[in-house]
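The same chain A turns up in both complexes below, where it pairs with chain B and then with chain C.
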Partner chain A sequence: MTVNDFLLMRHELMLVAIALILLITDLMVKPAHKSAIVPFAIALFAVQTIVGFLPADEGVLFGGMFKTTPLISLMKNVLNIGVLIILLQSWPWVNKPENREKMSEYFILLFSTLIGMYFMISSGDFLMFYLGLETATIPIAALAAYTHHQTKSAEAGVKLILSSALSSGILLFGLSLIYGSTGSIYFDQVAAVYSNAPMQVLAFLFFISGMAFKISLVPFHLWTADVYEGAPVNVTSYLSVVSKGAASFILVLVLYKVFFQLFDIWQNVLYVISVLTMFVGNLFALRQQNMKRFLAFSSIAQAGFILLGMMAGSQMGMTSVIYFILVYIFSNLGAFGVVAAIEASTGKILMSDYNGLYRTNPKLSLLMMLAMFSLAGIPPVAGFFGKFFLFTSAASAGLYWLVFIAVLNATISLYYYLMVVKAMFINKTDTPIAPFRSDSMTRLGLILSGLGIFVVGFWSQVYEFINSLSVGLF
Partner chain B sequence: MNILSLFVLVPVLTSAAIVFTKNMKQTRLVAAAGMSVQLILSAILVFMYLAERNAGNTAEMLFTYDALWFPSLNIHYAIGVDGISVAMIALTGIVVFAGIFASWNMEFLSREFFISLILLATGVFGFFISLDLFTMFLFYEIAVIPMYLLIGIWGSGPKEYSAMKLTLMLMGGSALLMVGLLGIYFYSSPDGGPLTWNLLEISKIDIPVEMQRFLFPFTFIGFGILGALFPFHTWSPDGHASAPTAVSMLHAGVLMKLGGYGAFRVAIFLMPEAAQEQAWIFLILTGISVVYGAFGAIWQKDLKYINAYSSVSHCGLVLFAVLMMNQTAFNGAILQMISHGLMTALFFALIGMIYGRTHTRMINEMGGIMKVMPFLGVVYVIAGLASLGLPGLSGFVAEMTIFFGAFQHTDFFHRFLTIMATTSIVVTAVYILRVVGILLLGPIKDEHFLHLEDAKWHERLSTITLVLAIAAIGIAPLWLSDMINVSLEPIVNKISMAGFEFTGLF
Partner chain C sequence: MIDYTYTLLIPLIPLAVFLFTGLAGHKMNPKVSGLIGTTGLFAVTILSYLTAIRYFWTDHLHGSGYQAMKAFEIEWLHLTEKLTINLGVLLDPISVMMLIVVSTVSFMVHIYSLGYMKGERGFARFFTFLSLFSFSMLGLVLATNIFQMYIFWELVGVSSFLLIGFYYEKPSAVAASKKAFIVTRFADLGFLIGILMLSFMTDTFDFRTLVSPTGPAMLQAGSATFMGLSAITWALIFIFMGGAGKSAMFPLHIWLPDAMEGPTPVSALIHAATMVVAGVYLVARLFPVYSMVAPDALHVVAWVGGLSSLFAAIIACTQTDIKRVLAYSTMSQIGYMMLALGVSGYGGHDGLGFMAGNFHLFTHAMFKALLFLGAGAIIHAVHSNDMRDMGGLRKYLPITHITFLIACLTIAGIPPLSGFFSKDEILVAAYHHSMPLFIIEFAVAGLTAFYMFRLYYSIFWGKHTHYHHTPHEAPATMTIPLMILAFGAVFSGFLPFHELVTSDGLPFEAHINYGIAIPSVLIGVLGIVVATLMYRKETAVPAKMAGGFGSFYTWAYHKFYMDEVYLFVTKKILFNLVSRPVAWFDRHIVDGFMNLIARVIEKSSYLIKGLQSGRIQQYGYVFVTGTIVLVIIFVFIL
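Right after this comes the complex of A and B.
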């Protein structure tokens, strides 16, 4: 390998190095100084995020197994931003006394899954894709069970690993059919010979079912709510934002690059799935009282919206998907950040606990309101632009009725997002959450997501930059 | 800097300044200062506009400014005004100004209240100056969402229910609207050139008729929901009744006009063929709005509900006129929007002031208000007379023009509906005079009312501004309708090019 090859893989190699450094530091450092690991890890990852944004080359490694383009680097950078904010927001929780023993594990596991996602997005064949997917999944299960002394957390871990195993099995079966019918696992070669022969369609259906598990699309969503509720809140936000984002990225890449000959078929499949996903996610979110479950179902519904962009099958479609995920990362992390901050300092997690929050913690409430508006797609925050562009993409493919269903769903979702706003601003209670001040790292994380919620929408260069890198169906 | 951009910038800066105020007195002072600037700007705009027209500038839109925003989707920040939007901006300026003074003693969370109120105004101003459908939609939604907080936090009665109902119904409307706008965008270039969101450019091409048939109902109903189109009007009585004074004023006075303006400017202007084909359905619906709203008002006991139903009736008349699709009726529709905006704002202001003193809005619990509060009583009578269409006040001018326009159709269907709609004038007289009789005249039923004070200076300022505007339009309607008429020509031309043939039910 030459230096240039190393540079092509810099995202992956750097993160592996960071994970190893943390592992070694954890062994070397005295127990009394262990808390220094947290800022150290965050600082290292901040460097990683910045380095990721340096201009990247295009290239292929390992005979086509691994490839990178500016578009793929961009996707990784989007994920990095999300992870960085999550790390900042986990500060009070990781520093809790009961997590002191295993705080470096949190970072190492998190980084390992991220490495898996990098490889998954960069994959040039189905083998690398599958390896990346598994590397990304297994550490998350360990993370979900991080506070394993709590039954719910342990249950979340087991549920996640079992349902992942099942979905991987389905996915693998699809991949084996693909290999059997085309004789290759390389994306380019598969794409060249793929047609709508029945077995290949079947293989595709297995593939999409497996992916639907990862993005928690209906009817493969049943694990989501329990896992989201049981896992520690920062892991939940990681699952709902980064994990979902990465899976959506690879799905759009594979659909556009490998299965483009099946465009008519996957458009119909996604049509049905997205309508189901939006309705089920929204209708179940309506009655949730636990904020984590609430956000879990809302994030299921959001995944349904993401599919709208994919269905366009055009450059505009891919742009709107990536752009929406970027917006979604900021909005959802804004919401999760507030939930995490409140849970870390008071242990409260129910929506009714938020009654009267504006009186005691106005800044948190305002951020939460912005995040809710952004998730609901209300201007002037970024969520409006994200949703609008997704709908524009779907309309460009002539799917007006789907757009109508989607916008109706956005209206339904507005109901429950407004319930949170109502709790904070309108409902009165004698026992509101007492005023508290978060630590500076949490605040930085919250400010970053708030800034993103505001800026990414108005600042059209973000959208245009993504658009300049995106591609349509080949 | 373009004068129109100031209409968005000033409210935003005012809201930003309010964040730094320390107590209610500072807050309301900043808000009043900002909105006074806005009112002066509106006046300047009217004069600048007239000067340009007198100087012979015949461009369709004046003071235009265009900046590319999202190049790949061809979204622009494109602004410009014609006579219609200038009139609407002036209306908004007056109502917002009056609204600030009507809520002068808002003590509960005053900063948040004024910020939300001014944000709402920002959306309305932005909507009226937009030439780009995307920014138009953006501002439309910005104007709707603060309503939730304004009603939910500062409202009265079943405020949470009303706020949620209003928000969801209006957002449902924008769901329909979005489909319509996206469809218009993707058919904005029949010859395969770049697509555009620009209203004027789209008006130069013809959207294929079969697409119009599909998109027109989405767009028209989408805007119509905000204009209280039957049967989607149900948010309006509840919302208005629960909202605090200034919000009712702004909402009935200005926000509902977004619906009428949009239905006219976007739905009918861009899709005239489909509008002609489908007008009969919506004419029936708006006819029902007009009559049903008026009859609904008769049965109400709560002053705000009376006025809310009356708004349904009057705003129904706007959409009714718009669907008549001739120049006189269009002119009447715009006049009606302005006239109703001023008069309903005045009504809600007065109701708020009376309620603030008597702590009831039930007309059967009150009486003899005129004796203890002569100023408020007299103004109430003026508002009532304007509402029932007394010559010399704005309501007469608007309704006469509408019915003249509507009667220009010679077929049975249109004439029948017009005659039905005119009955609303009689019904309006009934409920207005009934309220005046019970509420203002008659004996004082509650002795506590004897000690009530008449209007304070800020209340007088608020109401007199509105009364002056109503009287001005009533006495000298021509300068306004001339201003509107010139700007109607391109729209009427486009419609007549589409070939006027009524293919209705009868």
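Right after this comes the complex of A and C.
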């Protein structure tokens, strides 16, 4: 391998290096100085994020198992942005006395899953894809059970690992059927010979069930609420944003690059799943009182919207998916950031606890309102444009009924997003959350999400840039 | 090409003043706001006169007639390849003339208001709104295209609404402002329809393209017909509907008398000199189109104008509120202008009516603003609007008296005051075009002289009224504008309008037609004499006369029950037959459907909650079932 080959893998190699450095540092630093690891890790990851934005080449490694393109680099960078914000927002939680002992574990596990996602997105064959997928999943189960002295957190870890074992089983079954029927695991070769023979359709359906689990699409979503609720808030936001984003990226790539012969079939499959997902996600979100569960179901419903862009099968469809995920990262992290900040300082997590928040913590409330508006898709914040492009691409593919259903669901979702805003601004209470001031790292993370919600929406070059890298189905 | 880009400042200065005093006004001494507004308008007036002098005289643009030129233009909205909405400044004879009218009257009204509104609550607010109005009116006048005109058209409507309702604690003022806004908005609906039709047919909003003799509008003469009139005729009639609403033409005039609830300077500025003549300006602006491709629409203009002027003049003879008399007089005079445009032809001496209409617009602005400001001074002195509370005021208000008298003589058409010249030209144009209209206007000339002098004598002569406190002359800030405007009213008739403002830009020969001028002066004098006999001293004659006319007098006194007709149509017919069923449908069907959806969603949310049990075995079961169902559907069924 030459230096250039290394450069093609710089995302992965750097992050592996960072994880190793943290591991070694953790062993060498005295317990008294361990708190220095947190800023160190964040700084390292900030470097990683910045380096990721340097121009990237296109190339293939390991005989086709690993490949990278500007589009794939872009996807990794989008994930990096999300992770960076999450790291900033985890500051108060990681620095809690009970977590201080094992704070480097948090970073190392998080980075390991991210490495898995990088490989998954960059994969050129199903083996690399599967390895990446598992590397991305298993450490998350450990993260979900991070505060294992709490029953809920332990339960979340167990539920995640069991569910993901089941889904991996089905996914692997699908992959072996693909190998059995085509004689290859390389994407290019599979794509060249794939047809809609029953065996191959069956293999595809198993594959998509496994992926649907990762993106928590209905009816493969049931783990989501329990895990989101039990896991520490920052892990939840990681699951709902980065993990889901990475799985959506690879799904859209595989659908477009490998299974394009099955376009008619997967369009219908996604149609069914997305309608179910939007409705079920919304109907459950309507009734949630716990903010984490609320956001869990809202993120399920949002995943249903993402499918609209995939189904278009066009360049615009892919652009709208990536763009929406970018917007979704900022909006959801804004919401999770507020929830995390409030939970970290007061331990309160119910929607009714938010009553009258505007009077005591106006800035937090405004950011939360912004995030809710963005998730609901109210102009002029970025969420509106995200949904707008998704709907437009689906409509230009002729899926008018689906767009109608999606609009209907967007309306339903508006109701519960506004319930949060109503709680903060209108509802009165005698015991509002007392005013508090977050530390500077959390605030930086919140400000970044708030800025993103505005900038990504208004700055049309973002969309244009993504569009210039995206590809269509044919 | 001579650079006129600076004319952009003319509308922008009042806008800047509006924004500044509107946003920072409450932090300043109100007087400062007033002075800022007045200074701004002073600058606008200077620029307007400079522009007029350059355009008409020093820049020698009239080699082949005065041409329209765009001093400035930007594209604002790109609708289609051909159709764009631009914003800019258009200079041509009528827009330059209107600049003079608007800036002069507005400046005078600003000065006057410094005295008239002194000590009022909302002094600063008043000047802020005046600036908004001046900006909107100047933007309307300078519009390069019909859509820009429409935008500013609505803006003057808003400013008018704000100023009529200035005393928002008075219920009658609030009602009047709403009435004015709704009636003119209704008319503007017609305007908008007309704009859309016109732009659909011609692919342009631009005035210069529209009126060009080889332009797309001219090719539409033979366009599709509806009820015997071509489509472009209908478009122009709809556009005229907007103009008729703003200019208070019958039957859309009902808002104008009520609009007198606003402060008197506002009545002088908006409801006498500038905004209400916007309809005339609109027709004049599109005149070549009216004249060449839609003569039928022009007939409508002429007859609406003629009938409105007669109708208003009759009502004016019976009213006792001095501002209402002036309001009906305004309506009547605008009717004259409309009629003048309606009877005009295009080019050369045929365009006499066009010139006369604009001429009258100009002179009318001077003398009617003067009358209103004079009325303001009178109201200021006696604290009443009703002429029955007045009498013998000439001793107390000498300056107001003289200027008011000059204005009355001017409007009565006594030579050599300006009203004589402009009215005479209109009568000549009407005489050449249509005898019935000429007879109507001739009669209106007599009526005008009569009701104006009825007003004059009732205020300044007549009975000796005892006042609670001695009325006193208004302060200098109010009398100086009166004198300046009186100067304008006397001498503006000598302006060579036939050389400056003509239908095709070329000067033509105009001279006084004595065959018409002498009788029209005589009937004016007759009106004055009758009024003198009846009202100079308190007599029983007026009451007897009123009795002699019987129910006709009662009808006229009640403004021919137009308000009642409107109320009947809206309240009894529209509300009952349209609004109530629609409201019922909205409340029961539309809302009911929405509530049904909400209830279904809520119910189904309860129904599916069992799915989320928390047991991992069940999750796995659902997962596998889901996969199997997908397989069954997509492998076996499809």
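Note that the second predicted complex is superposed on the first by the 473 of 474 C-alpha atoms of A that agree within 3 Å, B and C clash if a C-alpha of one lies under 4 Å from a C-alpha of the other, contacts with A are read in each partner's own complex, and residues count from 1 in each chain.
Heads up, the rule we're going with is that contacts are C-beta pairs under 8 Å (C-beta built on N, C-alpha and C of every residue); 3 or more make two chains touch, one makes a residue touch a chain.
Bear in mind the structure is a predicted one, so any value in this text is a computation, not a measurement.
Trainee: For A:Y238, select first, second, both or neither according to whether it touches chain B, chain C, the two together, or no partner.
Mentor: Once the two structures are laid over each other on A, A:Y238 reaches no partner at all.
Trainee: Check whether A:F111 is in contact with chain B, with chain C, with both or with neither, and answer first, second, both or neither.
Mentor: Touch status of A:F111: no partner.
Trainee: Could you tell me if A:A395 is touching chain B, chain C, both of them or neither one (first, second, both, neither)?
Mentor: The first partner, chain B, only.
Trainee: Check whether A:D226 is in contact with chain B, with chain C, with both or with neither, and answer first, second, both or neither.
Mentor: The answer is second: A:D226 touches chain C but not chain B.
Trainee: Chain A residues touched by both chain B and chain C?
Mentor: Common to the two interfaces on chain A: nothing.
Trainee: Provide the residue numbers of chain A that touch chain B in the complex, in ascending order.
Mentor: Touch residues, chain A against chain B: 316, 319, 373, 378-380, 384, 388-389, 391-392, 395-396, 400, 403-404, 407-408, 410-411, 414-415, 418, 421-422, 425-426, 460, 463-464, 467.
Trainee: Which of the residues in chain A come into contact with chain C in the complex?
Mentor: 158-159, 162-163, 166-167, 170, 198, 201-202, 205-206, 208-209, 213, 218-220, 222-223, 225-226, 265, 268-269, 272, 280, 283-284, 286-287, 412
Trainee: Can you check the complex and tell me which residues of chain B touch chain A?
Mentor: Interface residues on the chain B side: 69-73, 75, 134, 137-138, 141-142, 145, 148-149, 152-153, 159-160, 164, 167-168, 171-172, 174-176, 178-179, 182-183, 185-186, 214, 218.
Trainee: Chain A touches which residues of chain C in the complex?
Mentor: Answer in residue numbers: 601-602, 604-606, 608-609, 611-612, 614, 616, 618-620, 622-627, 630-631, 633-635, 638.
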